[in-house]
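In what follows, a single structure is set out as structure tokens and then discussed.
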Amino acid sequence: MEGIGYKILGALLTTLLAFTVGMFYAGFRRKIIARIQNRVGPPVYQNFLDVLKLLSKKTSVNHGIMQHLAPLWLITMSVSTLMFIPVLKDGLFFTNLNFSGDLIFLLYIMVFGPLGMALGAGQTGNPNSAIGVSRGLTQMVGFEIPWIMAIVALMIQYKTTSVTGLLDIQSQNGTWMMFSSPLAFIAALLAMPGMFRYAPFDIVGAPAELASGPISEFGGKYLSTMMTSGSIFAFVKLTLYVDLFMGGASNLIELVIKTFALYMYPVLWGAVSPRFRTEQAVRYFWGWPLFFGFAALIYAAF
Amino acid sequence: MSSLVILILIIAGFALLSYFGHSINKTAGNIAVFAAAVLIPLYWFTRVDFSETVSFTISGFQMELGYNMYGKLFSLIVMILSPLALIYALGYMKDSKRTGTFYFSFLFSILGMTGILMSRDFISLFIFWEIMTWSSYLLVIFLGKDVEKTGIRYMVFSALGAYAMFMAIVIIHRNTGSMMLNDYFNAFGNFSTGTKFLTGILLMFGFALKSAVMPVHVWAPGAYSNTPMAYTSVFSGALSKMGVYGLGFVVINLFAHANLHFAGTILAWLGAVTAVLATFSAIFQDDAKKLLAYSSIAQLGYIVTGIGIGTELSIFAGLYLAVLHAAFKGVLFMAAGAVERQAGSTDMTEVTGLIRKMPLTFFASLVAIIALAGVPPLGGFVGKWMLYESLINNGNFLMVIMIFLSSTAAFLYSYKFLFGLFLGQEEPEFENVKEASPLMTIPMLLLSVFLMITGSFPGIVFKYIAEGMTDLGFHDVNWQMSVLTNAWGDSVNLQHVTLSIGVVFVVFLIFLTWKGYKKTYYVSTKDISSSGEVIKPEDNMTYSTDFYKPFERVLHPILKRKIEKYYDEFGEGIGALFDFMRRIYTGNGQTYAFYVIVFLVILLVFSKNIFGY
Amino acid sequence: MYNDKESQKIVDIIQNFARKHSLFVLAYGTGCGAIEIPPTMTSRYDAERFGIRGAATPRQADVLLITGYLATKTLKRVIRVYEQMQDPKYVMGFGSCAINGGMYWDSYNTINMLDKYIPVDVYINGCMPRPEAVIAGFVKLQKLIQEGKADGWDRYKKNLDEYRANQKKIITNWVMPDFNR
Amino acid sequence: MTDPVYFIAIPLLTAFLLPLFGKIYKPLIGIIPGLVFAFTAYISFDLYFNLEPGKPVIVQMAGWAPPWGINLVFGEFSGLIVSLITFLAFLVWVYSYNFKKVGFDNSKKYFTLLMLMVAGSIGVVLTGDIFNMFVFLEITAISSYGLTAFYKGRDSAEAAFKFLLIGSLSSTFILLAILLLYKQTGTLNMAEIAIKSQAIDPKIKSIIAILFFVGFGIEAEMFPLNGWVPDAYSQAPGPVAASFASILAKSGIYALIRVFYTVLDVEGIFNLLLTAGLLTIIFAEFTAMRQTRLRRMLAYSSIGQMGLIMVAFSFNTKAGVFAGLFLMFNHAVIKTLLFLASGFLTYSTKQKKIRDLDGFGKIMPFTSLMFGLGAFAIVGLPPFSGFWGKLNMLTATADSNLYLVIALILVVAVVEIIYYFKVIGRLYFRERHEDVNIQKPTWNAVLAMSILALVIIGVGLYPDFITDYLAKATNELFDKAGYIKHVLPSLSLN
């Protein structure tokens, strides 16, 4: 644990791991969806090529400083969040700064990026971007509530607000929280597709109506940064779920298995779903997920 | 003479000086105002003796002035925010008329606030409270908009609050024979239950009204948005904190000590409901000033919740949020004022794309909005974190959810504010808009620097809060310069946060800027992908009307019931009753004579009931 | 001007490999060829296996598909879209109409030779080309990219005056923003 | 020189001689009343400040000792009221000395009637004889009728007629009460009645009390006997309305207090006074809110203030009386200021509507400022004198355990704030109408209003200027035995 050099090396390794895993997951998603649609689909490393290609675009345009900073905010958020999440339960490289943040902090730092992204999208002046932002923020209010309820239920039940603390409790008890607090898990699980913004909750991007929404004016290096950030963030979200509900992971293989299993859930749901309208999405989140969230809270408190 | 009295006299003197200065000419008046903005805080910081007390007797009532640490904390807000707002006002009010009245009322409201915070007895508290009320009323109606509706509504609600306090005060006097705050707090335990509740709740009502707690918040949106923005920053930032100040000592000193915690809990619930509903209202405002007004109400809701819960961490959070709210809402109202002055409107459906015209204002607003939204690494997060942790530690899980809902929904209006005014397509109409004068931007930037520092080193504020909380009975409050800790021992190290975010940000900033630097082009906001159509300069494609329509559809069942409507209907009903009463005076001499006779007859008939024989 | 594979730097090879296998396609679907895009993309022919996917806006796109004839009215839009795309960018012309006007060769309001107005990298023959032909066109484009020969974007910048002169012949009321890269 | 007799004699005499002076030299009509008011004010202050504690100055008229003769009692209580009345009368003169609407042709009538009214009021306050009090009250009332009808218009005449109608009822009841009292006790001297009244049959005493209550209640603007007030206040000239509020109403309430505190000892009358006072407050203030004319609004507000004073006196405690006196002082000073200011504000508008005052703050800055100051003071905002009155009033109420009354008073105060602040809002924060003619206040009006404003602010900043005197007056009012002892040294209360 000692040594600033190890710390930096660990941070870099974690980021690289998150990037790689996230990219492959996105590739798998494309492949899986293709197979479901009876297509061959792109190779699983396709997303690396996409990012590389976008990065090697010779020109890029922006509409001002906020648009320039927007991808930056996103990737800063993803990487910083990653720093505060225990990727593996213990180990030299993959725990990073997780002792100096807690769940509430994570919740808040996770909106840092979208807010910056929204500002950048706003500056482009493209109406599609603004509409996308409006939808995205609305949807966020929708899914955050059941998700937060689940988290608060855990925190109240186990009297700790830190992820590390919750991990320790799981390894002490020997059960995962998805079994010891099933209601919270269900609420969190129901809110999860909203977080991933896959169908039926892909109302932000919605290529068919909004021309990809907030990112419609981003190209080249900006878009590549955003895709990188997106893959890291997907990994972050999955790891957080695994840490909270599935007992974390003590080695990378376990981590990959658990996160991949979890990842299949929004992917498969999305593969066979059409798209909600914004208000339908919010109503969905404020329906059953909210009910399970309440149930979880009551279960936790009494 | 005592330094406290001198302070009061200095402020009053400057008020008169500004008024008369402005009636001579503008320069003289402005010099007086500037001197006030510099000298009043200078005197406060260097010469005021905080251990001093002044007591005197007027009209048989003993009165005493003297700071305690709790009052000093709030004075700090007043003494830092008000001078900045005054300097801002020098720029903002440059072309207005009747500036004399403006600065007179402004300084008098500072006097009122200063006085409230050093009052140790109810009489002087009430006197200064009322001075604050009427001076702010004069500012609310200063622009002459909506005088009948907003002005009267503000005054009526303020009066209701003040008179509730007044009633409590006289009842306290009846029961203790003294007007001193401390005598009341000490005697409170011995009161009968009825008196406990009556006085406590009346005081609480009075203070809660000033801090715009639902359902007595209706004065606030109009009052905040109608006032000249130079004052609104103080109005929302400092003046509403007087209510928080009062709630603090009522809830903690009374209810906690007398084991009436549930009263505090009710207050906390009201605060949470306020936060949620006001946030929802803020989201659908089209006027930036109205949006900020509702947002203020919502933020005050958090603070009130923190105070109402009454644990150490929650009060700490409430007070910290109070300080922070003063700073960021100060900036935001100033920014709205700057936009109003430079671009002529704060209607977010009209004004767009000012970011390149007013970059400093935008930067200050951005920092303030991040702090408001509670996103790390700025100071707002610290307050939010402490509030949540205290609520979770306390097991108030439903309240946590409401606060979370409110602050998540707060992102919506936060974004709308920045987007509506500064982002979006640039319009030829605002081609010639200039950045506001340095008098206006410097106060904003100073406050935003403060917000940035508190993100990593909130300890500079914690110090004063911890001092102040000793007067609420919380001794030895633990605080560290940049580590937050909750009751369960979980902590957040803010320096690590800032460092991590900062390093990642800088690394990627360098990368993103350096990569293809020469081949990165700036294009105008009219150059967007719009199916190949060329957008003419006069076409504005910015999406700003009905910005959150889907969300509005979701919330329609909640929002369609407006509490204002009930008040209005109540008002109409009362008006009809008054009209009926007015009919008694028919204007007919015979009728009046008839009344006299009837009255006499009634008295004679019932004389046995009246006199007993 | 035309680099051989041997003379390319290693960076270029990697970059061109990425470019070749990741083609974001913006279909300008005013002509009848637009109807051929959906089968190309979906299950039957599945262009995604070549790394080809649709892009919603020109800012993100690499390939501009001109799916058939271009009316003089829509030429302006095509130029606009093309100029909004980021370098390197490629244009594919679909069918005879894009090559020589096809059955509209003497129409008063269509253009005959697309290459006079924007640089076309690959033409696909047919009226209309079937999805197989479209994919063949893409494969050809990939080959050109790998070899560094798909340099229409470079030609456009170098011969901007000439292209502009041609464009202005068709578009009489010229109100386009300047293209100055 | 300083003899209470002069209070009555000189104004009465001058009032009747005024036409003669006018014949000699016209401007004398304006000047002589001023001299008279200045003189009365001077002697009243001189007497008042030189009073020995607990020892009223007593004058026997025509050499007859009481109880047979008529006597004047200038004590700490009555002296305070007289000083207030004379001081305000003087200010009203300063204000109206060349008030434009008081044309020279009419000014002798005006000043004659004004002097009569002042003399009558002073008489009411000073006299120790109950029938004499009735006589003075009649003098006051009749001169008031005249002043109400001063403008000779249709409306003024109607107002005066209403006033006359109700006023004569008042006289009748008081006279009846005095008759009954005389029948029972055989004396008209108040001190002696005070002694003998305990022996009166309670039934008859209650009837007497009721008759007095209604009779004086009319003068004191009690609900529902105050139908005359709004008309009279709004139709009379501005300074006259001011003097009604400060002088006429004060003498009415004084008579009420004197009779029930000193002369008659009736159980239960104070509850009645409380009820009547509360009803007065409620109806007056709520009615005031719906008024569209400035004067009528002020008139109803004045009624409301009188109701408040009645409530204060109804507690029958020292704190209550102290508060009542403070409120009387405030009402006299502030309402006078408001009426004086409104005299110029509504000078050129025929309807005297509130909405005609839009934007007057810019064109009549001083008068508007005075009105605003008066409004701030009357609703009880610190740091003006109204606040201290209200504070004392409410502490007194709380001491009497009447919490609901506190709530009621405060609710009504909110109503008061609404209508006063509506006017202020219009004065300062509205664009003015195009075609307004204004009348700049004359220098003497400015002087009069400034003095009143200074008094308001001075007392507001440091109420102890007057609290000592009020406390002394309170003590004297409760010292019934002392009063009797001084007036009738030969008798004593058994």
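Note that the chains are named A, B, C and D in the order they appear, and that numbering of residues resets to 1 at the start of each chain.
Keep this in mind: contacts are C-beta pairs under 8 Å (C-beta built on N, C-alpha and C of every residue); 3 or more make two chains touch, one makes a residue touch a chain.
Since the structure is predicted, the reported quantities are computational estimates derived from the model, not experimental observations.
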Minimum number of chain-to-chain contact steps, chain A to chain D: 2
Any chain that touches chain C and chain A: B
Winner on C-beta contact pairs when B-D is weighed against B-C: B-D
Geometric centre distance via CA averages, chain D-chain C, whole Å: 97
Chain B and chain D, separation of their C-alpha mean positions in angstrom: 44
Length of the line joining the C-alpha centres of chain B and chain C, rounded to whole Å: 59
Chain centre separation (chain A, chain B; CA means) in Å: 36
Multi-partner residues of chain C (at least 2 other chains): 57, 59, 87, 181
Residues of chain A engaged with two or more neighbouring chains: 57-61, 211, 216-217, 220
Two or more partner chains touched - positions in chain B: 519, 521, 524, 526-527, 529
Contact pairs between chains, per stated definition: A-B, A-C, B-C, B-D
Complex contacts: residues of chain A adjacent to chain B: 55, 57-66, 68-69, 71-72, 75-76, 79-80, 83-84, 97, 100-102, 104-105, 108-109, 111-112, 115, 118-119, 122-127, 130-131, 133-135, 137-138, 140-142, 144-145, 148-149, 152-153, 155-156, 159-162, 165, 211, 216-217, 220-222, 225, 277-279, 282-283, 286, 293, 297, 300-301
Contacting residues of chain B [partner chain A, same complex]: 353, 355-356, 366, 370, 373-376, 381, 384-385, 388-389, 392, 395, 397-398, 400-401, 404-405, 408-409, 411-412, 414-415, 418-419, 423-426, 486, 488, 490-493, 496-497, 500-501, 504-505, 508-509, 512-513, 515-516, 519-530, 541-544, 547-551, 553-554
Contacting residues of chain C [partner chain A, same complex]: 14-15, 17-19, 21-22, 24, 42-43, 46, 48-51, 53-57, 59-62, 85-88, 181
Chain B to chain D touching residues, read off their complex: 58-61, 101, 123, 126-128, 130-131, 133-134, 137, 141-144, 147-148, 151-152, 155-156, 159-160, 163-164, 166-167, 170-171, 173-174, 198, 575, 577-579, 581-582, 584-585, 587, 589-593, 595-600, 603-604, 607, 610-613
Residues of chain D that touch chain B when the two form their complex: 158, 161-162, 165-166, 169-170, 173, 202-203, 206-207, 209-211, 213-214, 218, 224-225, 227-228, 230-231, 266-269, 271-272, 282-283, 286-287, 289-291, 376, 381-383, 387-388, 390-392, 394-395, 397-399, 401, 403, 406-407, 410-411, 413-414, 417-418, 421-422, 425-426, 428-431, 462-464, 467
